[in-house]
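Take a look at this one; I'll ask things after.
Note that the chains take the letters A, B and C in the order they are written out, and that residue 1 is the start of every chain.
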Amino acid sequence: MDTGRVIKEIEKISVKTDCIHILPGVEYECSVSAENIRDFASVLYKNNYMLLYLTAIHLEPYPAVVYQFVWPETKFRIRAVVFCGENKTVPTISDIYNGANWYEREVMEFFGIDFDGLEDKRTLILDESDKGLYPLLKKEGKALDAEATGFKTN
Amino acid sequence: MTFKNETESENLEKSGQHKFLLNMGPQHPSTHGVLRLVLEMDGEYVTGIDPVIGYGHRMHEKIAEVRPAQSFLPNTARMDYVCALPYNHGYVSLLEQMTGIEVPERAEYIRVITVELNRLASHLLWLGTFLLDLGAFTPILYCFDDREQILDILESVTGSRLTYSFHRVGGVYKDIDDNFIEKSRAFIKRLEKRFSVYDKLVTGNIIFRKRTEGVGIVTSDIARRYGITGPNLRGSGISYDVRKAFPYSIYSKFDFEVPVGKNGDCLDRYYVRINEMKQSLRILSQALDMIPEGDIRAKVPKKLKIPKGQSSFSVEAARGELCYYMVSDGTDVPYRLKARVPSYGNLSALAEICEGMLLADLVAVMGSFDLVIPEIDR
Amino acid sequence: MDFIANLPPHFFRIPIALTLVISLVFINALIMVYLERKIAGHMQFRLGPMEVGWHGVLQTAIDAVKLMSKQLIVPEKAHTKLFRIAPLLAFTPAVLPFVVMPFAPKLQAVDINIGIIFILAMASLNVMAIFVAGWASNNKYGLLGSMRSVSQNIAYEIPVLFSLLSAVFVVGSFSLGDIVGYQSKIWLFMIQPIAFLIYFVSSVAETNRAPFDLPEAESELTAGFHTEYSGMAFALFFLGEYTEMFVVSSIATAVFLGGWHGFPLPFFEYSSVVWFLLKTYFLMFLMIWFRWTFPRVRFDQLLNFSWKYLIPFSLVNLLITAVVVKL
């Protein structure tokens, strides 16, 4: 039950990045590669972390997925950023955190990011006929790269 | 489960499993708001649940990306119209955190007072509708009687009754006067007496206890996997309240407890919310005593430039943790705003919790979860 | 003229009685709807209907006119004939028990020697109507409601029967006139308190009133068996419900609460009728009070309550009564 052990464990599969704005409380931000995100989530699940939310940001050249975890007992937050590759695919974590199902479906219909291994690929909030609309993608040429929005890619 | 249309419903009936589909909502008395549940039923038992959401979708997150950050403030109140002030509070606090604006202390007190009043109003509404779902018609009018008082008090200072835009970047819109404080004190006294009425009418009732005890148990594992927050999480015995865990604003100055349950059933969630109302009253009376004199609003430039970077801010809304996450590219228009709404996680767990239940229990669990659907749809 | 004079007296009594009874039923419904709304209002810190007439007394009449002028919409896939018959089925049997009801020593249309049996037979027809209505609507909520209604009525008719039987054992007659006559000195309620309690609880369930209003459970089944009904067809179900309430309360009055017996009221010639109606309306007030106080029970709890508690208790009570009477 100590945060140091968890951080040691996740440091093996992630890279710590600097938070520009620190939350009230303690926060740890890191960037994870797409292959490692399932291991990352498993480690946190074993250590009683809770998935708070999961969302995406349209960056150039490829979007990024942001995961926010919280440990209710010791009040410690972890934010993980996954930068998608060319195929815009991230492995799903919805079998580790079932709640991720809805968040991943939402990201899928708003950003067009595919979640590998996600069973339920129906639209969640938009109508089935609006598939392919991707409303939260920026207009052509308006999307900025990671540096311009303060993300540290390391 | 992928059954949304009629042919699939007919196929299920022909499959010889003696099951049928029941379409609950979007217009149904106990799916408050526009939630639709497609239920697979075996007689009275619910064997599968497929929530269909999005009927009230307004794409607030996109709206936030196309206008100056300060102009988005009214939209935050439209997500959860039952308890709108924490949404104001979280949003302006996020902007203040990113731009480094210092808020006068009096303004923070006013924010906490109004937010706690709003939380009380929300919990009172929940109490009424929860019991209405269980088939008791009278408590909702008792609760509305109390809730009206709060709305009147809030109206006198904010100017609106539901969708407030009262908290502003750098402070609040209007100062409170002695009349407001007096009325709030009178209300605290009134509500403290009313708890015994609710206790006699509801808690001791054998039918109520039989309907809620052991029904809809949320284990701490389910809560973790689905991201359940708020009173629903605390009913399962995990003491996680953003006001205590990550003390924002001036909550660290107040003496209050975080009520927790034991079993995570509907009755525990009921107790947690009732005790939370009592704690809110404690915070309120302390805040009303401690409120200092001073300014209510810091000087804020008209065009508020948000420094480049990303940040998030969590507040405890009435239904759980509300988390705003903003990415800025250095202009006055946010690059991306994500609102993590509490009911979203709570509702997604419903399917697992309620499988194999009686229809009546499903309604009870849904009532005890205190869902506000426009908040989920955003 | 000889022909008419030779006709049995029932030939005249029953039509007149039926006419009076039907008007009584309508007046009762008007009063009950008004009372229910007013009592509910005052229990809930509000006033209830206030607009039409003095304190809203004409509200129910206006509502009735509105309901009559509304269209009865038959769903496309419904069974049209059964759909239209069901409201009548709900209403007609509810009226008939009044023919044998002893309102006053001489105010009883027919005193048949199996009065109680007749009433029970008529009262149990109500479930048929609900079943037909739910099935013919071709609506899943309606069907669930009627399913609930059937099992609920089967479960609760048995304790009703047993508790009434224990009263009958004491008196030794099925005729309601005899039963009321027996109670001139002591009310059966004092001899058979358990039977009275069981009867009253079960009859609340029989009439589908809250907290046992499962067939129409608003928060679960929207409106249950009458989801698809509108206009006068809906109003007939309503009438049926209030009439049923009146019937079960008057049986309870006649069998357990001494019927028309009571001390003669000053300046009032027909005090026996007044006593009967007072007791009946007091019981109905209790039913309204239940409805606006309690949450709804769950389906399995409802059935368990009947099969595990009410039926065994009423059976034991019946046995003890039989033994005591025999001795």
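Note that in this section contacts are C-beta pairs under 8 Å (C-beta built on N, C-alpha and C of every residue); 3 or more make two chains touch, one makes a residue touch a chain.
These numbers were taken from a predicted model, which means no experiment stands behind them.
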Notebook entry, point to check: When you draw the chains as points and link the ones that touch, which shape shows up: line, ring, star, complete, or other?
Noted result: line
Checklist line | Central chain (distance from its CA mean to the mean of all protein CA atoms) | finding: B
Next item on the list: Could you grab the centroid distance between chain A and chain C? Build each centroid from C-alpha atoms only and quote it in angstrom.
Entry: 62
Check: Hey, how far is the Cα centre of chain A from the one of chain B, in Å?
Finding: 24
Check: Which whole number of Å gives the spacing of the CA centres of chain B and chain C?
Finding: 44
Next item on the list: Could you pull out which chain B residues touch chain C in their complex?
Entry: 20, 22-23, 28-30, 41, 43-44, 131-138, 141-142, 145, 201, 205, 207-208, 210-211, 358-361, 363, 367
Check: Which positions of chain C touch chain B when the two form their complex?
Finding: 40, 43-46, 140-141, 144, 147-148, 210-211, 213, 217-222, 291-301
Margin query: For a test of understanding, state which residues of chain A touch chain B in their complex under the given definition.
Written below: 20-21, 23-25, 45, 48-53, 55, 57-58, 66, 68, 70, 72-73, 75, 77, 79, 96-99, 101-102, 110, 120, 122-127, 135-136, 144, 148-151
Next item on the list: Would you mind writing out the residues of chain B in touch with chain A in their complex?
Entry: 2, 53-54, 57, 59, 61-62, 65, 97-98, 223-229, 233, 238-240, 245-248, 307-314, 321, 323, 325, 327-330, 335-336, 338, 340, 344-345, 348-349, 352, 377-378
